[in-house]
Amino acid sequence: MEKIFKKVVLAYSGGLDTSIIIAWLKETYGCEVVAVAANVGQKDELDGLEAKALATGASQYIELDLKKEFVEDFIFPAVKANAVYEGKYLLGTSLARPIIGKKLVEVAKEVGADAICHGCTGKGNDQVRFELAIKAFAPDMPIIAPWRVWDIKSRDDEIDYAEARNIPLKINRETNYSKDKNLWHLSHEGLDLEDPANEPKYDEILELGVSPEQAPDKPTYIEITFEKGIPVALNGEKMDGVALIEALNKVGGANGIGIIDMVENRLVGMKSRGVYETPGGTILYKAHADLEEITIDKYTQHFKQKIALELADILYNGYWYSPLTEALNAFVDKTQENVNGTVKLKLYKGNIIGAGMTSDSTLYSEQTASFGEDEDYNQADSAGFINLYGLPIKMIAQAKAKKA
Amino acid sequence: MEKIFKKVVLAYSGGLDTSIIIAWLKETYGCEVVAVAANVGQKDELDGLEAKALATGASQYIELDLKKEFVEDFIFPAVKANAVYEGKYLLGTSLARPIIGKKLVEVAKEVGADAICHGCTGKGNDQVRFELAIKAFAPDMPIIAPWRVWDIKSRDDEIDYAEARNIPLKINRETNYSKDKNLWHLSHEGLDLEDPANEPKYDEILELGVSPEQAPDKPTYIEITFEKGIPVALNGEKMDGVALIEALNKVGGANGIGIIDMVENRLVGMKSRGVYETPGGTILYKAHADLEEITIDKYTQHFKQKIALELADILYNGYWYSPLTEALNAFVDKTQENVNGTVKLKLYKGNIIGAGMTSDSTLYSEQTASFGEDEDYNQADSAGFINLYGLPIKMIAQAKAKKA
Amino acid sequence: MEKIFKKVVLAYSGGLDTSIIIAWLKETYGCEVVAVAANVGQKDELDGLEAKALATGASQYIELDLKKEFVEDFIFPAVKANAVYEGKYLLGTSLARPIIGKKLVEVAKEVGADAICHGCTGKGNDQVRFELAIKAFAPDMPIIAPWRVWDIKSRDDEIDYAEARNIPLKINRETNYSKDKNLWHLSHEGLDLEDPANEPKYDEILELGVSPEQAPDKPTYIEITFEKGIPVALNGEKMDGVALIEALNKVGGANGIGIIDMVENRLVGMKSRGVYETPGGTILYKAHADLEEITIDKYTQHFKQKIALELADILYNGYWYSPLTEALNAFVDKTQENVNGTVKLKLYKGNIIGAGMTSDSTLYSEQTASFGEDEDYNQADSAGFINLYGLPIKMIAQAKAKKA
Amino acid sequence: MEKIFKKVVLAYSGGLDTSIIIAWLKETYGCEVVAVAANVGQKDELDGLEAKALATGASQYIELDLKKEFVEDFIFPAVKANAVYEGKYLLGTSLARPIIGKKLVEVAKEVGADAICHGCTGKGNDQVRFELAIKAFAPDMPIIAPWRVWDIKSRDDEIDYAEARNIPLKINRETNYSKDKNLWHLSHEGLDLEDPANEPKYDEILELGVSPEQAPDKPTYIEITFEKGIPVALNGEKMDGVALIEALNKVGGANGIGIIDMVENRLVGMKSRGVYETPGGTILYKAHADLEEITIDKYTQHFKQKIALELADILYNGYWYSPLTEALNAFVDKTQENVNGTVKLKLYKGNIIGAGMTSDSTLYSEQTASFGEDEDYNQADSAGFINLYGLPIKMIAQAKAKKA
């Protein structure tokens, strides 16, 4: 190892990987390790982390509550944009990584660390997302990614490593799906999911809710109210973003909603398969997109679809802290000024069914939409419209006829 | 009326509108009327049409079976492209109009007609779709659109008109949703749906299937096989497109699938609300898009999303017979050469749940996707990738630091 | 005529068309006519307009100086976006129409007019641009477009009409190119230009400058300084937008710069041919785009190209006063925060040749760009980058090999 | 070095770099070196290469004439698409790399080589372009890129290395711009160009032609004829692509045309500055784009602009041998079916000035474009068009008014 560090900030989850890494960092660099746990809503996964970190060798444990910032600065922009990666993925993990990366830099500067370490595999997207966020705030900060450099190649190697050093871990050699959990979602990868031919064993996999089959036979109606594209109330009750998403996760999960199975294209070049649970998020996206139907005009709606594709790529690829993100968000925010209203939804065994919506700023006109006559629309105008709209087609047909 | 026509071809459905129009055309222009019914899969709506047409004054009745052409030349290109209008609408009506318009021109030329007439309202998209198709094949053919010119303004006016002329119709003054039916879908508009605040009365509306609540408690598994992006077999049984869609409509409808409620932006400028039933189509889109996940590479998949948006607009707007459509389809066809394989789906109470897929031409590599080491991927490569991919972010951060 | 108006506001240019229209409006509607001339930089075309308007029957003449607003609210947003229609047209006329339409509404409200009239032909884009701007601020205001309704069909008809009514005009029956002039450009259409096979007779056409052949044999160097994408100084001298564009027009025109010959697609469906002179604008676009090369990062630059295409269409089509314009401008403005610096250009016989540029906020790093080693870039990283970037290609090749 | 190769195919140019590499490969791997020179139109740079290669240690020299394939399979697709990178770069180097990469694989297979080597720097795009092409045809072929691995870091290091081994080279320690030459262009990078503030010393740099100042005072007229978007004749004389481009280079260079100065974003993350000479290419792009104005309809033209942006990125990034390229080209080819005709151009001191064009398949209609009445266009239709086209704007205005 060429470089020697004195103090390293580690993105710490308390799992096997980051526990081993504490030991490995100290052994490899002779450094002190500051374990930083970012609370982005993963709940009980945070229990007892401080004791664990210190017991396994960290010199300091710092826990950051990022839930509010995560929701307001990352999740809501994605909702406002309707950003979906490859038609399915609501970006659960992607959205949480940049903020953690940014906070790692802040901690590193505070504690005077000379490097930042993460436990991401060298095959995944998360290493990119972490590192780009770090580069955005500390372009010259050394980054340590043990999985890309050490000799440990498997879970068994990790356990051997831990046992050889008496690292106090409750571990077993059984494997499990690889998971990532936060307020917005829970992802599952690995094991039988690695063959796309396999139907996911949802009864074993699901944690945030149940499958449609196991959901209640009675539907649940809910109402979500938006102001400028941001959800502000559930069933008429004002609540902040964190509380609202938690409530939607509960009711969505109970009704079998928001389960995605997909093979996606990772940034680092390969296809990978995952199962994602995003119960509250799925409801929120649906409610928001429906409300846009009556509050945004056609041209904005259509171009916004292209903005959504771009923003989804940006988010997925970890390019969040960039001028393009800022510009895309400026576009989206402008479009949301009129996105106010309340959407009623029926949740039923995996379905989210629109049950009517209202808006004080609706652009829908019943009179104009209706079959009958109205003041704003003269049917005879259509003839002129069609003649001009179709003029290029007529010209092409005439040119063809002339040539033939 | 300035122009007088001798023989007019009428797009005939046998409903109140086109029945009245026969009389109105004869009265207005002193012309002969050839009623043309296009069979695009609307089934029993075609029963007894010939007798009806002749009884209400048509000089000739021609029925065209367009189902095969409709499926192969319109529906399948839309499926291959994953073309969806405004995120929801599978283009059921849009896809059927151009082919009918084209065939009306063919008939007009055969029977020596000097004008073509359709019964579309002046407020809708269908008038545009019909007329652009007609212009593409007969750029100088006069087109008559009675709703844009006559004095009849309502259903009651129509009935009065019919009774005054003893037009033999079984009619009543009760109104109903405005519908359009073909092999691919059934649409519903009007009445209580005109207020977006109203929850649709699905139990009264649905005809092609049942609501999720009324669907069976047991799931149904199906398998669809694709060759070059085209569905060729259901549950291992080879079948042609028409039969396959009919079968999917049946199983999809029975399982409460493919019900869409949306407020859309019409081409002619207003927003309008519709409920669409597309049971088979919804399944087909889902199966096809899933299969693309393992058979199309990332860059093609991502750009194809933009092509899909464009093609959906083109289709919705009736611009089918145009050089842009041809070019977009050429793009899409090229992307489908590798889209071969079988997709297994579980249908359950409105849900279509992926249950595994296989392809001889898969681009998915379990070895590469897996957490462990493999031959094709060296995790250490990620460090270089991230450094270069993140270089612009680093440069921006450094430039900011230098300025500050 | 169904409607009778009491007072009509007319967009007045003093040409033959709008002179005749004053008489026609009074005769047709029995109304009073308020002639409004908008000064958007057309200079001597405004001389004597008041006397002319009153002499030909207007009850009131109002002249509005819109130059500053035109530059700051229309031209600069187009420059910042690099908006070019169909690869050539710098939107000279398109940019001026919306602001005039908006001001006509303001005047109409002030003077209590009950209709607005313009003299645009029914075949052009300007009628659309005027009327959409009017609709945006007075959605129910009646609009009168004489060319779409009256019996006058040619210049000779107009002169006959004027002579029959003793309208005092210095007119002759010779025709001329159809022109539109403002601070940003001068357009020429009609006559021999209507056949795309004809080479434009530049020596007869050009008014804002000379052809490259006639330009001086010595080059002229200039320097333009930008702040946040807006030009603020010429050759080191601070000046406001109007003065800066006037100065660039002068030096650009003298050097044979900014002459465009194109066949464009009008919004109303046909192709039309025009010659445009935009000397200052062409220089400004070039200088701005060059400066962006060193002050905007790659991803923003690339996506901004798509925004430019959209904004150009929006502007050309007269959709300026719309939520989409606001959102696109919000995107663009965000991208301009770092576009500061000075661009040196050599003007020589139609050429604008970059002669070096500097920026305090440059993202260009000579060290990194250079062939040699540097601190920020490790050439060995490229191997990893290429392996991951090329992984999809490798997977496709392997899949093909396996199938073969 | 872990791997030992027996026979390595080297992309050989005869310059200092690849001469040194022959020795380095033999020394490092103990392998035989097959020097492959690809003739893509670099002319006298190929003189004496065989002798030089053998003298400096190659066991075999193979020269491939790729000019025809380069033009027909790479240059013409780029012309048809109007593909321009970042608004300026006509992709001169980008277009030549894939075909060379592909041919290296073919040679490697023929001669039984077990690795391919190129002399590209680790900071540039060309390494990526070569390697992706190689991966597309030989996904598992080892690739050697000495600049990323050896200890030589500068031109002086190279000369020292050569002298120490008595490699017979006519070399001097003076440096020069880094160049790449082929039939389509000549690029210049490095030295004083590395500071964007410097005005390029065109009189020292230019090789394919002269600067506008030095060009003749008399213009030269030329005519280019296209069939399906491909140039087939110059001044009425049929000629193949290679001859046509050579002729255009000559006349273009003589008239000071096609000189580009830009700071571009490399794929590998940094900005770099280059001066490009593309005399013939610049003329060809202009002529082709002009002809499209009258032979392609509006909707196709507009969407094709987006296709061009995508294809330019693909080409620049070396992703040529990919399904997306095939699909984009399928789109473009379809659009070119009607692009037939002859474009006349005036070349004068750096300017390419349209001088009229004709096409048997023109979509331009003088009658419709003209101010006067015509058969195909009824001006009254505009009123209806505007009312429907502007309906969304009216609805927004009304909604605002209702809220206020």
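As written, the chain order gives the labels A, B, C and D, with residue 1 at the start of each chain.
Just so it is clear, a residue touches a chain if its C-beta (ideal position, glycine included) is under 8 Å from a C-beta of that chain, and two chains touch if they have at least 3 such contacts.
These are the chains along with the protein names UniProt gives them: A, B, C, D = Argininosuccinate synthase.
Note that the coordinates shown come from a computational prediction; the quantities given were computed from them, not determined experimentally.
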Give me the set of chains touching chain B (Argininosuccinate synthase) intersected with the set touching chain D (Argininosuccinate synthase). A, C
Angle of rotation relating chain C (Argininosuccinate synthase) to chain D (Argininosuccinate synthase) [CA atoms, steps of 5 degrees]: 180
Whole-angstrom distance, CA centroid of chain C (Argininosuccinate synthase) to CA centroid of chain D (Argininosuccinate synthase), is 32
Take the average of all CA coordinates in chain A (Argininosuccinate synthase), do the same for chain D (Argininosuccinate synthase), and state the distance between these two points in whole angstrom. 39
Any chance you could list the residues of chain B (Argininosuccinate synthase) touching two or more other chains? 265, 268-271, 297-299, 306, 319, 322-323, 362-363, 365, 368, 377, 380-383, 385, 387-396, 398
Touching residues of chain B (Argininosuccinate synthase) toward chain A (Argininosuccinate synthase) in the complex: what are they? 82, 86-87, 121-123, 127-128, 131-132, 135-140, 145, 147-149, 153-154, 178, 190, 194-199, 212-213, 219, 259, 261-265, 267-273, 289, 293-294, 297-298, 301-302, 305-306, 309, 313, 317, 319, 321-323, 344, 346, 348-351, 353-358, 362-366, 368-373, 377, 379-383, 385-386, 389-390, 392-398, 401
Seen from chain A (Argininosuccinate synthase), its contact residues with chain D (Argininosuccinate synthase) in the complex are 297-299, 360-363, 365, 368, 376-378, 380-385, 387-389, 391-396, 398-399, 403
Complex contacts: residues of chain C (Argininosuccinate synthase) adjacent to chain A (Argininosuccinate synthase): 265, 268-271, 296-297, 299-300, 303-304, 306, 310, 314, 319, 322-324, 326-328, 330-335, 337-338, 387-392, 395
